[in-house]
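First the structure, which I've put down as structure tokens, then a few questions once you've had a look.
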Amino acid sequence: MSAVRTPIILVNFKAYIEATGKRALDLARTAEKVGLESDVCIAVAPQFADIGIISQKVNIPVFAQHIDPVKPGSFTGHILPEDVRSAGAVGTLVNHSERRLKLADIDEVITRAREVNLLTVACTNNVAVSAATAALGPDMIAVEPPELIGTGIPVSKAKPEVVTNTIASVRKINSEVVILCGAGITNGEDVAAAIKLGTEGVLVASGIVKAKDPHMVMSEFAEAAKRV
Amino acid sequence: MSAVRTPIILVNFKAYIEATGKRALDLARTAEKVGLESDVCIAVAPQFADIGIISQKVNIPVFAQHIDPVKPGSFTGHILPEDVRSAGAVGTLVNHSERRLKLADIDEVITRAREVNLLTVACTNNVAVSAATAALGPDMIAVEPPELIGTGIPVSKAKPEVVTNTIASVRKINSEVVILCGAGITNGEDVAAAIKLGTEGVLVASGIVKAKDPHMVMSEFAEAAKRV
Amino acid sequence: MSAVRTPIILVNFKAYIEATGKRALDLARTAEKVGLESDVCIAVAPQFADIGIISQKVNIPVFAQHIDPVKPGSFTGHILPEDVRSAGAVGTLVNHSERRLKLADIDEVITRAREVNLLTVACTNNVAVSAATAALGPDMIAVEPPELIGTGIPVSKAKPEVVTNTIASVRKINSEVVILCGAGITNGEDVAAAIKLGTEGVLVASGIVKAKDPHMVMSEFAEAAKRV
Amino acid sequence: MSAVRTPIILVNFKAYIEATGKRALDLARTAEKVGLESDVCIAVAPQFADIGIISQKVNIPVFAQHIDPVKPGSFTGHILPEDVRSAGAVGTLVNHSERRLKLADIDEVITRAREVNLLTVACTNNVAVSAATAALGPDMIAVEPPELIGTGIPVSKAKPEVVTNTIASVRKINSEVVILCGAGITNGEDVAAAIKLGTEGVLVASGIVKAKDPHMVMSEFAEAAKRV
């Protein structure tokens, strides 16, 4: 597993059929290739059952899409932090807008992730929630206005003030957290805009997973991230 | 993958540390060995990230502990039925007492499981809920009084009427569903009692996963299931 | 409080501003008036904080929109069955599509409602779920295809087979439960169609609450229900 | 309704049978009496269906135990901020440990409460979560270690560092929010200890609701709050 570093392009595979099972492995291999070609950190967040095989066969950072705020024990159908770590994940998304968590559980998830050596990328929906999240000490925050997710309208261009205000508010509370943005990121320009606003990378899903040519789009993203 | 048949001993690995990662694989191999030795169907329900490796390396039926009522799409941190199927699962628990679902979602999960060719073992907590679940057409129902789960007090001996009344109520509504029971099943006698009451197997977790010698306990379970 | 009897027109006030606070009381008074004029049972399900004043000042059956599956105790922000009963409710909706419950909780809610003498109107979304719900023994079942709720396209005309198949499936399991239907019911014709299909009434919300002249629409509903 | 002011003793009625229906009204009257006798602000948070009658008949500040993050519309079984305001509430608890909310929903609830002129008392379980909550701008924060709730072991004496560290962390982020503490508060000494630590009041439930003589205990609380 290559190291997590910035700028980072973190590809959320969601439950897209284009990123399920064998196709998840293929997409991860494409990400690995682009990472090598561009020397930009491309990380992937596949579905749980695909973490093991991707971690084993592909040399890129693998994130879980979620972990539960639990310790080992009597929990059925839960995502134990130790288990995704054991399967090869190096980090996890936390509180994605499609998997929102209770506040106390976000705190517990960040604590548990640290205990098992998983990086945390906490997702937030606006400036106030980003500031609140910063107080909980995640490794990264990815601000994503939910109304733009999946639209192709990039946050970095449609709502730049959400990004810049998030950075300002978060920095007052937490000087170390890495700040990403997401929602609607579709091409290199959107990535460049995000980085110019002060982020250190992007969280992206359909823009890459559903692209006709994911290799080309990932390459464009990587070049844009590097150039800025 | 060997076929699912009855009597069945279905071992829920939960999020026990004794059944996480490498230890999950070891326990699945023990189950495979006992299955071969006894010619009784031993199936396992590991954590999601362990489904792939176990399905690949061990020749026993593998179940997911849960799936979400979703189709492929924009869902982060969800369990897509297609994905656990692709990783090798042949079935899934549904509505375990530690992962209870909304009624409409149980219906949708059973429908989705059928679409992707996953068997469903719907868990229930009492006679009325078992009857209700039978109307939704799962492949199996496992009745487990939640107050006995993890106690070592076997439902088949402490509350036999829950089992027999469940069978009677379910049969009025659904003549085909396979009926299991669970909660507190610890030794061969408990298994024999369950089968004598009319079930076709047991759902078990800590009784095997946390046993000092899982091979010995599984063997005892299998012999008891066969003998009846 | 006048008695609950069939045919019944049950008006769900939801969280509509037109049925909040003072306006909830006004709408309940209109329902009372139409009930007296038509001699048809018109019942209302206002928001929790309006149950007391309506029960006290208006002589019609008042339902809660939901109760929680809890006994008196350490629960904050929950709906205790005893409390809505004490405030004057005679029944409660259960598992409305906008407040879906876990299967085991529906069972517990129906049990708790019976303990405190509240009638239950369990809402369902399709035929299979209606059959499952019938096994839990509610007083009434209201089948409402969620995709039609709030559309003005009446279930009784757009999906009559959902209603007739629900009646057939439910009757196999439960011979006593009163069956209603809902979703998109907008005028007297829709009500008449519902009753001709074999239901004993309708569950309605926006069709009445958001009508320009609720008195006129309620009267039309009541006359249609009576005529069939 | 008398004004909310500090020091404040906020009595959460929970779903205790001793504070349901008629008994809720009686308890609120006792609170009113003690408030007049002591000139300390005693506020109550009864169940939803009791808000109206208490607000109408008793001259003390009434809080809801919870509101939902919704605007008026198609929501069944939800707590519309406008409705509890209309019934007479002047504020609401938010995110009580028995009614925990998703982070984004806490943000939305605080926004919605402000829109309808309800004060917010956001409950938190530890120092980090208190700091996070402070960034969302509630009117008050009540820190309550959940493991002490209902135990009679007062946070102000058993875990004073939770209180003082909460105050320190919150003040870095929000200079205006009023800070309360709760959990295990049983007598005047516990209240005095809480205020000496720097809080401006307490959130209390069973200590008063389940007391043999609530009037006596409330008086003791009020005197202690005043004396410090």
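To keep things simple, chains are lettered A, B, C and D as they appear, and every chain counts its residues starting from 1.
Just so we're on the same page, contacts are C-beta pairs under 8 Å (C-beta built on N, C-alpha and C of every residue); 3 or more make two chains touch, one makes a residue touch a chain.
Values in this document were obtained by computation on a predicted structure and should not be read as measured data.
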item: Chain pair showing more contacts of the two, B-C and C-D; value: C-D
item: Label of the chain whose CA centroid is most distant from the centroid of chain B; value: D
item: Between chain C and chain A, distance of the C-alpha-averaged centres to the nearest whole Å; value: 44
item: Centre-of-Cα separation between chain D and chain C, whole angstrom; value: 34
item: Computed distance of Cα centres, chain C from chain B, in Å; value: 37
item: Junction residues of chain D - those touching two or more other chains; value: 97
item: Overall pattern in which the protein chains touch one another (line/ring/star/complete/other); value: ring
item: Residues on chain A engaged by chain B in the complex (per definition of touch); value: 12, 14-17, 20-22, 45, 47-53, 64-66, 70, 72-80, 82-84, 86-87, 89, 93, 96-99, 149-150, 205-206
item: Chain B partner contacts - residues on chain C that touch it in the complex; value: 95, 97, 100-107, 125-126, 128-129, 131-137, 169, 172-173
